[in-house]
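A short worksheet on the structure shown next.
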Amino acid sequence: MFLHVDVEKKFEGFQCRVDFSLQSEKCGVFGPSGSGKTTLMHMLAGLLQPDRGIIKLNDMTLFDREAGINLPAEARRVGVVFQHAHLFPHMSVKKNLFYGLNRIPVQQRNIDPEHLISVLQVENLLNRSVAKLSGGERQRVALGRTILACPHLILLDEPLSGLDGMLKYQIIPHLRRVFAEFSIPMLFISHSLEEMRLMTEEVLVMNNGLIENQMSTEELARTKLGCGGRGYTNILRLESPEDLGKLLSYRWGDVPLMLVKTEKPAAGEFALNSRDILLFKKHPEATSARNMLPCIVRKTYQTDWLVGVELDCQGNTIITEIVPQSLDELDVRPGSEVVAVFKASAIQRLY
Amino acid sequence: MSPLSPEDLLAIRLSLQVALTATVLALPVGFAVAYLLALTNVRGKAVLEGIVNLPLVLPPVVTGYLLLLLLGRNGWLGHFLGLFDIRIIFTLRGAVIASAVVGFPLLVRSIRIGLEGIDKQYIQASRTLGAKWWDTLFTITIPLCSRAILAGTTLMFARSLGEFGATIVLAGNMPGVTQTIPLAIYQYTSTPGGDSMALSLCLVSIVLSFAVLLIGEAANRKLSRR
Amino acid sequence: TINLSVAASMTNAFNELIAGFSTAHPDAVLQPNYASSGSLAKQIEQGAPADIYVSANPKWMKYLLEKGLIVKGTDRIFAYNKLVFIGEKRSADLSLDNLVSLERIALGSPQSVPAGQYAKQAMEHAGIYAKLEQERKLIMAKDVRQALLYADRGEVDGAFVYRTDARLATTAKILFTVPDDLYDRVQYPVGLTTTGTKNDQAQAFYDYLNSPEAITILTNYGFEPIH
Amino acid sequence: MSPLSPEDLLAIRLSLQVALTATVLALPVGFAVAYLLALTNVRGKAVLEGIVNLPLVLPPVVTGYLLLLLLGRNGWLGHFLGLFDIRIIFTLRGAVIASAVVGFPLLVRSIRIGLEGIDKQYIQASRTLGAKWWDTLFTITIPLCSRAILAGTTLMFARSLGEFGATIVLAGNMPGVTQTIPLAIYQYTSTPGGDSMALSLCLVSIVLSFAVLLIGEAANRKLSRR
Amino acid sequence: MFLHVDVEKKFEGFQCRVDFSLQSEKCGVFGPSGSGKTTLMHMLAGLLQPDRGIIKLNDMTLFDREAGINLPAEARRVGVVFQHAHLFPHMSVKKNLFYGLNRIPVQQRNIDPEHLISVLQVENLLNRSVAKLSGGERQRVALGRTILACPHLILLDEPLSGLDGMLKYQIIPHLRRVFAEFSIPMLFISHSLEEMRLMTEEVLVMNNGLIENQMSTEELARTKLGCGGRGYTNILRLESPEDLGKLLSYRWGDVPLMLVKTEKPAAGEFALNSRDILLFKKHPEATSARNMLPCIVRKTYQTDWLVGVELDCQGNTIITEIVPQSLDELDVRPGSEVVAVFKASAIQRLY
């Protein structure tokens, strides 16, 4: 995907002026409430006309004030998933899903509906009335509806912020799986760093109508470590589960990890917060922690309150945080050896 | 109460025919005007609104008279239509137009309220899904305000059934041709002993519109249950 | 087709006249249109199809004549009517002179309703109009029918109506007939429009209104035919 | 166009007086009926709804006739009122009642739509905060549907300005006493050559109702901005 | 407070039958969606009439079917805070706040409005239009409005579930402070264990229209430990902050604790999740953890997946969780000595 945007839009008391290019398939727009994220999205989708500038998607010019080009929303092939789903209330789930698909020429239908429906796990909902869906189901159907319109780019405007905590984590896997399987470029809008981390690779940081920064999501997450006490979420791909009675063992690359057996063992992605990881100089003894991984410090970096430490654990990367004093106490510097210690219950399944 | 005479039955048929035609014809126009008033920002909305509401404000006879001036053979629109051999006055067409004009403000107001209640994001969603504006109109906008359209339609239909003043001026009171129920009632009241016949027709009129309103309510409940 | 524009007050008589004419001329199609004289005049003015105009108000006939819509010379009076006073039967005999003893009297608005105009004339002659008006005893109705309705329902003590209309009353009775010399004669003019003069059948119906048969029908309905 | 005669000015004053009184009187009743229809589950709602809408369906003259039957000296309600020396027909009271009855369905429908749109939790909240039902009614329910009430009121006021058929039957056409604008217009149009006078009054009528509708719109915008 | 309820209410397809007495001032109703929590609340507040039964609050009978008593909502003095605030949109914040107060007799006004307004920190909002409040501000005003009506009991129906994560934690302190200062009995309805823990002392556990259980919130939290990977939140009252440059030191009773300096030092309540606490047999060395507290095991208890351990730390109580195997490895049994280890960044301010 190639997206180039250079537009301006003035409202009374607010001005949005953005100029950027994106190539990654998984991009995000990150910014506080009122920073202009929705305004930007509406201009991309053709729901709001910029005062000046151009918008180009791949080799198509969507908008060019000078040249007098302004493709209408329906011709842009830019899909939108809204915060509150906005499923058509007078149609069944099935009709909602196929609304977009039925409106594009057959030869351009590059998504297999059956497959998408099974990936989203909405097979059983097809004949339901939209009013009878739960919040998470609604967002899955909304996502399916947008994808089935075979867009060249999907904009997701805080699709999770209307859902409560648990639901959010049930829907993220679907989102990730869909974008992985169907490889549709997306622009994910959110003011949650956590969602950003899970969904995107590159982010535009917006503030006050301007693009303040453009960087990899990883970098953003590392920089923001310690802000609001959230820490950094390490995302681990764990495989080959083994049932050890009360515990489960998984393999993280070559590293064995212990997890609490709160669910059926199954490979997948798991989260480990930097806040839950202790560093020791030597392998500690007689501890309740089940995971003690010898690591080599790859690098350290300063954040506002803490020091971030990137560790190499037999080829895997893990990020933790320590207070500045520990740097010297433990002799943490690139190349030194440390032991990362955390409890079995510290590792949580993402999906 | 007297049973209904063949002329009465004819008047009932004509009434239904006029009310139905007027409603069906006014519906698309009424929708368009309501759309303009509710969802767009065109200049002169206030003036348009005023004109739409005129028939509500003016005595129907005056409305009829103004229509006569406009559509009569010497009226500028009537003259134009005359070139195509289309005659409005003293025809059922005239009765339809009179009914349509008088019921129009009720129709527009109902639909307008419905349109104003639609969340614009549904419309935006359908556009980004590739629907052109008319596609969105028919698949999203209209279905979403179907209850309001229904309410407006039944209201207008009922009003048309009772239209008298404008009709008698524009279409005349010609038994079997343009004589609808209200005109027949009027005629009976000028006939010795016609009161009971007038009453029968009144009752028919009441029953008809009760039926329409009830059907409307039922359909409304069904729509709301969806 | 013969298009007839007939004052609504003559609805019954004309229904029978049309039936009578049709038996003699089975191929003739008559299409009546019953409305107030004023409405009819305006419809004709705006080009509504009409061959014959029958008015209850000579003023509207004059109006159309001046506009050239009724062919000069075709207009004539074909029936007369009388003004009566109706109300509930009461013990004391009533006449124009002791109307002042009543509380409420209905009549058509003198400005727009001919019957009201005649009634006013009669009362003025009798010298009671000013007094009645001053005491606000006069109820102005929009037409004769409405005055009749008020009298019939007992809303007023009495009403000035035409003799022909009095027959429509169910409870009210004719209390007295207004003396002829107190008001101008009540006239019903008829005239042929420009299209009517070109329509032979319309011409025939126009003539039929003078036939003995028509006169009988008109008399039956309480009109006073021309001699 | 002719300037307005003193009688015309009187008719205008009477019209405004009648429309205003009718609207003010109908408002509480209309609100109550709308409340019944919108927020309660009483049996026979459909019948009530039908009766309220009757004046919309019947020709106004018939409505006037029915009112006359009811309120006339020999009507059962009129007879009763007569005992207290209250006379309805041939008075301005009659004109007010005729206008009120004919405009009533429009008023009720508007308010009803407004009431149906109120979130019941506001009402529950005020009750749990210690407000009795009438307290809630005046401090919460009515303010929350003020826009709908406003819309209904302007509509009814405009309709009352144009009321002719029922008024002329119930109140009679007495210059200076019950002759409102539409009655004066009628009188002018039934006199040969009165057209220009009628037109002047028509324009007055149009201007008045435009003014009312525009004021209503402006107030509406103001309410919506709050 | 004394609340006795024994009522029944049938809907099509749902039946609510509850029978309980409560005395604590801080009670909660906990249960999944659709379990009948709102139904119960409506019956208490007088917004829904039970089919049979009685409701008594202190010495007042609110409802008694047999005796034909059914106090209307406005006479019950039972306040309600709704999920979506439902502030009156046509009134200013001030008018909303005083709506209830103005409706009770002067001699019964036992709340000082000025004081409440300052506790809720809504002084600056008083003349604002309600539409211009943020979600958190709305709930604060709604709370104030209910309290100013001087109710004998306040029902809070998931007042936080409409707010997103961060906001929730900003509002809880206000709630707690208000109920502490004005000592009004409350019934807090929620399906969040975390909120329950922070707000109540005793809970009714509802399911399917029935009261399944009645217990202390503490007990509920300990039982549910490990469910959904949430752990148990230790709530610590920390005092006497001292600024040590990059770190802050606080006192938890007699125990010194280290925290990251992400904010102005100030005494208050803080959260420490059991997931973040490691146990060691001996005082570990060369570790990045700043807090190492020698403790004595008071007792252990089994939960579904893990073992809960209650520790005595110089008189303070702390709960952690370990996997069953560690029980033997570390010889964790009542009376044994262990060291609880956690990072400075593991302690988060509640308010």
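In order of appearance the chains are A, B, C, D and E, and numbering begins at 1 in each one.
We take it that a contact is a pair of C-beta atoms (placed from the backbone, for glycine too) under 8 Å apart; a residue touches a chain by one contact, two chains touch by 3 or more.
Computed from a predicted structure; not experimentally measured.
**Student:** Give me the set of chains touching subunit A intersected with the set touching subunit C.
**Tutor:** Both subunit A and subunit C are touched by B, going by the contact rule given at the top.
**Student:** Just tell me the minimum hop count from subunit A to subunit B, counting one hop per pair of touching chains.
**Tutor:** Minimum step count, subunit A to subunit B: 1.
**Student:** Smallest number of touch links from subunit B to reach subunit E?
**Tutor:** Shortest path length, in steps: 2.
**Student:** How far is the middle of subunit C from the middle of subunit E, if each middle is the mean of its Cα atoms, in Å?
**Tutor:** 89
**Student:** I'd like to verify one number: the distance from the centre of subunit B to the centre of subunit D, where each centre is the average of its C-alpha atoms, in whole angstrom.
**Tutor:** Subunit B and subunit D have C-alpha centres separated by 21 Å.
**Student:** Express in whole angstrom the distance between the two chain centres, defined as the mean CA positions of subunit C and subunit D.
**Tutor:** For subunit C versus subunit D, the centre distance works out to 35 Å.
**Student:** Which subunit A residues reach two or more other chains?
**Tutor:** Within subunit A, no residue touches at least two other chains.
**Student:** So which bits of subunit D are touching at least two other chains?
**Tutor:** In subunit D, 65, 186, 189 touch at least two other chains.
**Student:** Send over the residues of subunit C in touch with two or more other chains.
**Tutor:** 42
**Student:** What pairs of chains are touching here?
**Tutor:** Here the touching pairs of chains are A-B, A-E, B-C, B-D, C-D, D-E.
**Student:** Can you list the subunit D residues touching subunit C in their complex?
**Tutor:** 65, 68-69, 72-74, 89-90, 168-169, 172-175, 177, 183, 186-187, 189-193
**Student:** Using the touch definition up top, name the residues of subunit A that touch subunit E in the complex.
**Tutor:** Within the complex, subunit A touches subunit E at residues 161, 164-166, 226-229, 231, 246-247, 258, 260-262, 275-276, 278-282, 284-290, 304-306, 320-326, 329-330, 332, 341, 343-346, 348.
**Student:** Using the touch definition from the top, list the residues of subunit D that touch subunit E in their complex.
**Tutor:** 119, 121-122, 124-132, 135, 139-140, 143-144, 146, 226
**Student:** Of all residues in subunit B, which touch subunit D in the complex?
**Tutor:** Subunit B residues touching subunit D: 46, 49-50, 53-54, 56-62, 65, 106, 109, 113, 117, 155, 158-159, 161-165, 182, 185-186, 189, 202, 205-206, 209-210, 213-214, 217.
**Student:** Per the contact definition, I'd like the list of subunit C residues that touch subunit B in the complex.
**Tutor:** Contacts found on subunit C: 3, 8-9, 11-12, 31-35, 39, 42-43, 45-49, 145, 167-168, 170.
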